[in-house]
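You will see chain A twice below: alongside chain B first, and alongside chain C after that.
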Partner chain A sequence: MNHTGTSLKENLLSYFDDILVEISDEHRLTISCKKDSVITILSSLNRNGYNHLALISCVDWIKDNELELVYIISAYTEDSEKGKMNILVKTKIAREKPELLTVMSIYENAEPYERELHELYGINFKGHPRLIPLLLEREYEIPPFRKDFDTRKYVQDVFDKIPFVEDKKGRK
Partner chain B sequence: MDRNKLGKWLQSPGKMGQKYSLHALYFCTGCGIIEIPPTITARWDAERFGVIPVATPRQANLFLITGYVSVKTLRPIIRSYEQMPEPKFTVGFGSCPINGGMYWDSYNTIKHLDKYIPIDGWIAGCMPRPEAVFVAVTHLWTLIDKGMADGYKKYREDYHYYRENQEKILGKLEWPPLFSSKKM
Partner chain C sequence: MRELELYFGPQHLGMVGNFSITLNVEGDRIVKATANPGFLHRGFEKLMEQRTWIQNFPLVCRINVVEPDHMELIYAMAVEKLAGIEVPERAQFIRSIYLELARVGSHLFGLWAYANMLGFDTVANWAMYHRDLVLDLFEEITGGRVYHIYIWPGGVRRDFPKGFKDKIINTLHTIGSCVPDYDDTFFNNRIFYKRSKDIGKITHEEAKRMGAVGQVLRATGMKQDIRKIEPYAAYDQVDWEIPVRTGGDAYSRIWVVRDEMIESVRMILKLLDKMPEGEVYNKIPNPFKWNIPDNEAYVRCESSRGELGLYLVSNGENKPYRAHFRTPSYNHGLTILEKALENESIADVGNIMISLYITAPEIDR
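So, the complex of A and B:
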């Protein structure tokens, strides 16, 4: 492991109590934290120069009844060791009525990612200025990326129910 | 010009004109668009067959839908199809518009495109080669000759059925019906 990663780990562990920092690869740091401390961790990382939010991803752990959010963060910098670093901030939230504070105040480009997660996983980001649909046109009862969404049944109920025009004409 | 076809030209010049000047509108929805640049440029040169790309739907009479159609893209597809002047021919390119292809159980992909707009021909394959476009074009010529490429007439006739299907999937459409609806 390089020096940047270890020093960052020590730095983070000295500031925050209930976090788990793991060096999972040469340039990869995984931080697991509670959902309340996401904002503080992200803002401290941002102040340390890790100023680029690459992606917000989400994993649905249906057996644990939890949704896991992953913030992937890197840096735009002259320092090559620092520039190679990938930091994954992971947090778990409840699956029923999931709510989280928006991180748009720290990383402004979180806006489309949070909108996407809102429509695909049904996560409500508090403080987001416009949580309107990004990609989807239709209303879904269960957000479609959740594990309990049955795509095959949905296709049978919606797309297969629409008749061919020739069939319709034949029947009338 | 082929002298053998002189009779045909004199008999129905309009039809021959439609056949040999297919102005194609490429609806670049999915991966199919990768095949289109070699098709229209020097390598395969679609202009040998009279197929030329145009910029807007109002100049086109051949509509190529290249690739999967998501629910959101169905709306512009219908709008562009309705803007095209008649006679217009539609060709679905690739297996995804035919029956969903690899997206057969996707939650947001249209499975059978011919439920929403009339399609004159399909090119099967994932992906079809550029040669397949020319096979489709030559086949379309025979269909036009025989008067069988009549998707636009069907659309006029059965417009209320198509509109009903479109509204089922897209909700309320924000534009008025293209044709006055007949009695249901």
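So, the complex of A and C:
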């Protein structure tokens, strides 16, 4: 494991006590934390030069009844060791009424990612200035990217109700 | 002056692709711009959760229509990382050459769109012709012109055919010999300079704050390229330079694209010289019964638009549990575009949009 990763791990563990830091791979660092400490961890990473939010993703662990949010952070730097690092900050929240604070104050480009997750997973980001629909045209009872959204049933409900063209109407 | 709302796209002539922007305008000036994606949302990431690891290849390459090859690569890289598959050295070289050809093709397509929009129809047609020559090469290796499904977990699907190296060199010489013509008619043209200088300007600080990658970042003076930072395929085997400009405007961005194309051509020639002999793929398990162990991976590569990433999660089954693409156009089209359009004129909307190199299918996925 490279020096940057281990020193960052020690640094983080000295500041925060309720987090789990794991060096999963060369140049990949996984931080698991509670949902309240996401903001402080991300701002501390940002102060340490990890100033590029590459992605905010969400995984629906339906068996555990939890949604896992993954913030992927890297650095804008010409330092080769630091540039290679990708930090995955993970937190788990309940599937019912999921709520989280927005990270837009730290990373400005979080705005569309949070809008997307709000729409596809139904996560409410508190403090987000415009949580309006991004990609979808309709509203669904269950947010469509969750695992319990039944795509087959949806297709049957929507398309099976539209009648087929009858053969008499001119088609041979 | 009264403020009006103007819908720009998806049917507007100046709009490239299925994308729309709502502009609040005062006369000719844009007060506020709001990007509206979603016209091309096909739910690929959800579809991928219901198909096996191999069945996903025809899906991923359709995420970005203009350059499907980097999508194949990123998915193959993620699957290789999860399943622990090695790639032979010759396959790494073939991947690099193939991806650089794809980059040249994609940049020529971008140049077509940009030149066409500025009214340089001659240059646009040259670029389209030269892109077609690159597509001919792809057709010969893979049988497909646009979608190839050539990169595969464990290598590439087949070796280059006999005499293919000379064909690549011939095509590159044809394109390379036209660079002075491109320069005379387009890049050193006063009209291009006047239309693009200081248009859609983004400072270095703003670019970093808003998540810029690729040309948009390199046009603000930062040498950032995933091929250098975290080399994949065979990019660490040859010497090459990262082209950089400092203006941060449309003019600098298009110049970076031009320089990158030339650098890619040079790189392909160097890679062809160094290419070793050997196998081009390692065997993978039976794709119908291929279960990948419980794990997750985040991989990234440099597509012709910037940093492309894929977060892939497996829960031990024969299909992905979750796939999420980090596409470069996402931040360029949703965050930076809105900022770059402020206080510009309506006539420059297409100009700024194409110079930011936005493709709608990448945003919507």
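To be clear about the criterion, the second predicted complex is superposed on the first by the 163 of 172 C-alpha atoms of A that agree within 3 Å, B and C clash if a C-alpha of one lies under 4 Å from a C-alpha of the other, contacts with A are read in each partner's own complex, and residues count from 1 in each chain.
The definition used in the following text is that a contact is a pair of C-beta atoms (placed from the backbone, for glycine too) under 8 Å apart; a residue touches a chain by one contact, two chains touch by 3 or more.
In this text, all values refer to a predicted model and were calculated from it rather than measured experimentally.
Counting the residues of chain A touched by each of chain B and chain C gives the higher count for C. In the superposed model, A:Leu69 makes contact with neither chain B nor chain C.
In the superposition on chain A, contact of A:Thr151 is made with both chain B and chain C. Contact with both chain B and chain C is seen for A:Glu137 once the two complexes are overlaid on the shared chain. After overlaying the two complexes on the shared chain, residue contacts for A:Val165 are found with chain B alone; chain C is out of touch. Shared-chain residue A:Leu88: touches chain C; no touch with chain B.
Comparing which residues of chain A touch chain B with which touch chain C, the overlap comprises 135-137, 144, 151. For chain A in complex with chain C, the touching residues are 25, 27-28, 51-55, 57-60, 70, 72, 76, 78, 80, 83-84, 86, 88, 107-109, 111-113, 133-137, 144-145, 151.
Interface residues of chain C, counted against chain A in their complex, comprise 37-38, 41, 43, 45-46, 50, 81, 208-211, 217, 222-224, 229-230, 297-298, 300, 307, 309, 311, 313, 321-322, 324, 326, 330-331, 334-335, 364. Chain A makes touch with chain B in their complex at residues 135-138, 140, 144, 149, 151-152, 154-155, 158-160, 162-165, 168-169. Considering their complex, residues 71-72, 75, 100, 104-108, 110-112, 114-115, 118, 154, 158, 161-162, 165, 168-171 of chain B touch chain A.
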